[in-house]
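In what follows, chain A forms one complex with chain B and a second complex with chain C.
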Partner chain A sequence: MVKPTIITVMVAALLLAIGIACGGTTDEPSAPASGQTTEQQQTGSAPAATEAPAQPATPIPTVIATATPSPTNTPSAAQETAALGGRLRIATIPPVQQLVGSWLGTTTSANTQVRPFTDPLVHTDRFDGSLVPGLATEWEANEDGTQWTFHLRDDVNFHDGTPFTANDVPHSASLIIREDAIATDTGLFRGLFGDDEAELLSNIVALDDSTVQFNLKTPNSLMDFFAGAQQGNLFMYSKAQYDDGGIEAYENPTGVGPWQFVERTIDVNLLYSRNADHYRRSPFFEEMEYVLIPEETTRLAQLTTGQVQIGEISRELHTDAQGQNLAVLQSELPSIQVAFIIGGVYNPEEAGPCKQEGFEDCFYQEGDPHLNPMVREAINRAINREEINTELFGGIGRQHTVWGYHPALPGYNPRWTEEFDEKYGYDPDRARQLLEESGYAGYDLTLLLTELPGVPEMIPMGEAAFSYLSAVGINVTTQPIKWSDYRAKYYRPGKTHGTLAATRGTYRPADITLRFYNRSGDAGFWRTSVDPMTDVLYDKATQSVDPEVKAKALSDLGDLKFDLYSEVPIVWLPAQIVVNPAEIGEMAWPGNINASFTHTEYITPAQ
Partner chain B sequence: MQRYILMRVAQSVLTLLILTVIVFSLARIAGDPLDVLLPLEATVQDAERLRAEWGLDRPLYVQYFTFLGNALTGDFGESLRVRGRTAMSLVLERLPNTAALAGVAVVVATAIAVPIGVLSAVKKDTPFDYVGKAIALFGQSLPAFWLGLMLMWVFAAQLGWFPVSGKEQGVLSYILPAIAIGWFQVAALMRLVRSSMLDVLDSEYVKLARIKGVVEWKVIWKHCLRNAAIAPFTYFALIIGSLMVGSVSIEFVFAWPGVGRLAVDAANTKDFPVVQAVVITFCMVYIVANLLVDIAYAYVDPRIRFD
Partner chain C sequence: MATENRVATPSAIEELAVESSARPSFLGRFWAEARRYPLFPIVLLLVVLVIPAIFSDIIAPHSATTGSLSARLQPPFWMEGGDTNHLLGTDRVGRDILSRIMHGARVSVTIAAVAIFIAGVLGTSLGIIAGYWGGWVDALVMRLVDISLSIPIILLALVIVAATQPSILNVIVVLVLLMWSRYARLVRGETLAVRVQDFISRAQVAGSSHRRIMFRHVFPNVFNSVIVLATLNVGFVIVLEATLSFLAVGIPPPQPAWGLMVADGRVLIASAQGWWVSLFPGLAIMLVVLCMNLLGDWLRDRLDPKQRQV
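After this line comes the complex of A and B, so read on.
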């Protein structure tokens, strides 16, 4: 009667407790994939994915006139195709800002949530990351880089049926500089086109329905890069929709992307449906859903149980994922560069009384140990990059020679690769000798332990650096610090003296990284400057649209950084995601776009 | 009685007022939201513009009184993370999900705790009692988020009996998060039932019932439990409040679209209008629940007066 019921409940409770105590852990793979590497488990993308090409596959052009679209990305005309799969479900970390208006957040937020439903002007090749025709079929710049003209397709409609025209371009750009905008590109666009909408609209002009001209207030050689929104916010929004319903209409935005926006539930999901008539590539799946899951273990469990087919899982759980018969895929290009920034290396022209209120010693301070190139070389010599790569990154990292530069990007000097071991190779004895010779043996260094999203290894990497630097006699102390505090208290006010901090950057034209890290004056952020020529070469590179002049200036600047040990480059890393190979066929994405998932329209279901 | 109620209400209002100061201060001490929400590339001018737009450039006391004045009308401002949405609208949107989960957790906790509590009392100092105590020990010592992860891994990922996360699969979606949240309460409730039952089992009317020949199960489940349930019943008001607050970590683990997860996401991004709205809402739930219990006690027990 009742007693058996009670006993049943008790037994159930006990079993639950036993289940908890004895339940599987993430360290116990059910089906070990012996001998398989991440490369071996890739599921189908044709080119090798882990190694970036040694030479520029398609350098980012400053003047382009492309008549033949890349066959991998651009069908010659709109093609109506049938979907092969049902709903593609992707488990991802909730974006910092939840938005469908690209001007309301960072480039990462915009590229994750907006890129599926609407395109930028210029498309990115999914294999080599180069800028290729998209909405714009051709583009060119004038000689001084102050005027860019984009020629647009005339056969593209928004999802609501209204045609996409050149008039949508200035309108979309004007959204980026709205008063409520917090886009990555907001400051940039205000500088290039004007602080208010009227000024911007006078500088970005539709010449006809399929030609738009950008007149820049200052020369810029990267306008096509910004128009590609690889690391920006310039996505196309319908002016007609805005004219009809105002800014509120964009709560349910139409677009020109391969997916149509369906709905979103804050912190829960974003749902898109297939655009069967996309000019570039109609998706292979009927729908796509981003399932927003903050806890990593939960995302892995979703993958394991087949509730999602693709998931954003950090490296430390990849072994567990592979043990569950999941595959780890890598982006076609490197995605992230990792380095240590040596503090206190400022341009002597920034010497003098500190401009920042409340700070007595900022920017250039004569006598700072880090101003001595021998000390910077010693730091570089003390770090064991191979061990860091093997132990912390599982060996997936690739050689990084100069912060900001990659062999596949303009301005790279192959000499750096050839001489790297000789000049930067792990040699603690040489490091000690350099410190002795420089007179800074045993100097005080503060190692700031901080991290940024995407590289959870930054703090362990800092801890490893503590051991390496202590071993060569440097008096190292560590200080855990949030990135926002590092920014506010150290590098923004020019107070990085005596510090070393890990950082990570993305794969992008060197000039952009150089602006943040090496340009002195108000244009820069970190302002690391090993030589006053840095600024001269930077300005030359960024203001020239002649590819040769630009590459030469970048290369010369890189030479300075390499020879004078500007930073402590560690590795280039690919972007990685985990997929269920039983459900996903081909998936290839470049990794140079600031989002975990791009080119989702090319993902195919498994056969 | 009226004076008692008035004083209790006044105390509650004062508590809430102090809480607004604490919540407002903690939200500001946690850091500048611009540090998180602005892109790395943002200029000083961008930061100043947004600081002015969000009212962060005003003196703190002005910000506080503005916050307090608006909060009285339920307006906690616009979310900094989900632009275009007010903080309160996000909270209200999620509140039913959290309340539903808390409700199921109460049912689960009751279903587990009451039979074990009764059995432990009836079989005092026997293996049944020891097992009951062990369960209580487990319940009070296992962190909820760890328990949640283990339940998920065993019963969802390995056995596939329940969905891993979310609430798309109806009733099944509630089971694991409800157990994870309710487990802690199982321990407290079980011990409460056990001690109440022990008191009642020794009473004269129970002996009389047995002398009259009433069957044992009826004595226990009808006569004893009904009387022993008074103390645990009053505890329910507090359980519901703590279950809602306890949902924070579990909603995060199970990606449950409730207020708890909203609070974590908002705290991580320093979206303090939402943090303030969530905390004040949770505090209101607690304060109102306590107030109602106090008033109910005063009606039940005439000896209680505010002296």
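After this line comes the complex of A and C, so read on.
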């Protein structure tokens, strides 16, 4: 028999829960943080932030020769007067790969953990995201884009005192093609420079101590982009350290970055100390520590209690953070493009047995509903982008018209902006009609739900898509899947038929994105190809160093993608970070580097 | 010592008359009878679990899997911004939380019923066989039980999901693999005690087959214990299913499962803008598990006096 005391406890628990629930109504945001305007807090803009430039980025010329540093990288007034801070503590999500060797993980992992202690050849401006001199003071390409020459500074030392020379460059590149390498650029570098170290070293040559030449096996117009490591892994490691201690020496690597690597504890933290003699910018803090905290609410608690000064906090908690006198900063440029990729759209030339062992009937298949442009349009028409942006992203997103393309990057066609509402606008009735007319009403679609860094809204967005697509009569089933599994089981072997998956990309030249998503054959990953001309135009764009030819090819390729509904573009987002304005003065980062934030050496303490 | 005066006085007679006239009413007798049963957990289980599980298609006010983003994170009706269209508010994609809890009850009941039935049948059969036969059969079954009990359940779930995908079937498989050994161990012990009883010997002398003895004579004598364990296991299964779903190795979204709903709102659990996303499914789990345990305790008291002494 139930004892009265037990009933009393249960009733008390119920009342307590209701009491807690009712208490939530009084939790109003407190006053804005000192130095932050309410408007800034509402829009999440940085105190010193500027809007993304509307003008197109500088096209890549055949010859680049910039001898003077970019004025935007010179110290600001705040930096001139900033006092040296103590330890800068940053609460961050544990990276997918915890590493100090850039060849051991993705570009995101490398840019987060390696970039502080060693530099790539080419620096990225922290405001406009352009490539500016760093270790390389100037660089040029030959007419056909098969040979790139970089001229290096001769006054840079590694943290252990040994000089940085051109010989460190081919050595660093060779690390990326090691057998144990799983870097984003491993395949790219093998294709450009050679499958083994000997071949690579014959193609990347130190002409003298301060000149290095890259001889490419195939023309490529983006070598300076790869050397800038915005989306890559080419960071400088000391050949002397390797010669002394082998690959194990890189457990405690020296570097040429503004911070020196001190120590790391897996799943706990990474610690760096200030390089007081950096050629570009010595940090404004004595030390910097990444505190690795998987739980969102714990990161926020660390921020509110002053245990860290900067934290990666998802947008859903920004209002709570602002209510506790924290400020939300955002990157200077759009940082992340979000879209759904329509599976099963392969190049007809890839029909037939699958190339990978263990898979059959993959790639192009006649009769796949997604091969029909009307079905792809129906999917696009069924999705309410405005609602997603307003409700899930707090309205900070900007229009995204063609996957891979941004209005400020080469190859963008303004027609896409003008015609977007007409061709892609939310119209569920039209979507139903298209499905009926195509004969695919009620077809089966698998919606793959994946979590990806930088966009915590991925799963809710996928679940919202479930509602949208179900509403137009598509028979949707969902499948949660890790990105690594998706890569291994679906898009690498060419088995994406009947799927729709949300994905994210960064702000980068369109051909980088297209290489991953649209190029067929072994060069591509996803291989979404709405037209056989895709490959032709892609190759034309990537193999030309003439900016006009390149932009035209990219634009033509974008036209194909836009008119044939290649993907389901959703929104462009800035990167965002939460800081304690009582302790952080100035912080600006471009957002076009594949990481949550960068340029930590320019962060100043509050005065 | 003075002797008590037992002579009936007029006042005592009046008291007796009042007592006899104050015999319990129908409601009073009903209440007195009802107090012999665990009414509170039974009623609560009916309200939170059983009725929603059976009738969710009829009584749930909204779809459990689809919602509108424009109705996202609406608070419960009694809070500012809430309305009676969504009594317990909405989640991060605008789905009605009350409807999802109701449909989630069906998922929980289905999984608990199927998993406990399969594990119970498997474990009871093996337990009776092991206890009745003894020898190497007993040793083999008990070693299998030891192995089963030594498997870390979360790790097993992760391995199965890594090899396949999250699904209800996987959850049931994991739960059966975990639970059958509990039944086998309990029933084997009970069987060891039963098989030395006189009526078993008499049945053997009378020429009954082993199968008949096991299932006509042994099984009825261990059945009560199995029922008690099964009842107590319901709460355990619901918590475990919720745990697996919380860890994204259980029920795949957007299907409504209580653990998944708790996980969905964990980012907002300390936030003024969405604490209800996790709270109400969490409360449902708590109430159901508590009630099932109370019911199990009561059943144990009624059906298995031996265990009551433990």
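Structure notes:
As a convention for this text, the second predicted complex is superposed on the first by the 528 of 607 C-alpha atoms of A that agree within 3 Å, B and C clash if a C-alpha of one lies under 4 Å from a C-alpha of the other, contacts with A are read in each partner's own complex, and residues count from 1 in each chain.
Here is the rule we use: contacts are C-beta pairs under 8 Å (C-beta built on N, C-alpha and C of every residue); 3 or more make two chains touch, one makes a residue touch a chain.
Fair warning: this is a prediction, and the values are worked out from it, not measured in the lab.
Contacts of A:392 after superposition on the shared chain: chain C is touched, whereas chain B is not.
Look at A:464: by the touch rule set out above, it reaches chain C but stays clear of chain B. In the superposition on chain A, A:479 makes contact with chain C only, while chain B stays out of contact range. The partner that reaches more residues of chain A, of the two candidates chain B and chain C, is B. After overlaying the two complexes on the shared chain, residue contacts for A:187 are found with chain B alone; chain C is out of touch. After overlaying the two complexes on the shared chain, residue contacts for A:488 are found with chain B alone; chain C is out of touch.
After overlaying the two complexes on the shared chain, residue contacts for A:104 are found with chain B alone; chain C is out of touch.
When the two complexes are overlaid on their common chain A, residue A:297 makes contact with chain B and with chain C alike. Annotation: chain A residues 1-2, 6, 10, 13-14, 17, 20, 24-25, 297, 485 touch chain B in one complex and chain C in the other. Across the complex, chain A is touched by residues 35-41, 65-70, 72, 75-76, 78-80, 92-94, 162, 165-166, 248, 252-254, 266-276, 279, 283, 286-287, 290, 294, 298, 301 of chain C.
Interface residues of chain A, counted against chain B in their complex, comprise 1-3, 5-6, 9-10, 13-14, 16-17, 19-20, 23-26, 94, 96-99, 101, 104-107, 179-180, 182-188, 248, 251, 265-268, 291-295, 297-298, 301-302, 304-305, 307, 482, 484-485, 487-488, 516, 525.
By the touch criterion given at the top, residues 31-32, 35-43, 45-46, 49-50, 53, 81-85, 90, 93, 111-112, 115-116, 118-119, 128, 131-132, 134-135, 138, 142, 147, 149-158, 160, 163-166, 179, 217, 221, 252-255, 257, 261-262, 264-265, 269 of chain B touch chain A in their complex. Against chain C, in their complex, chain A makes its touches with residues 1-2, 6-7, 10, 13-14, 17, 20-22, 24-25, 27-28, 296-297, 300, 314, 316-317, 319-320, 323, 384, 387-388, 390-392, 449, 456, 459-460, 463-464, 466-467, 470-471, 478-481, 485.
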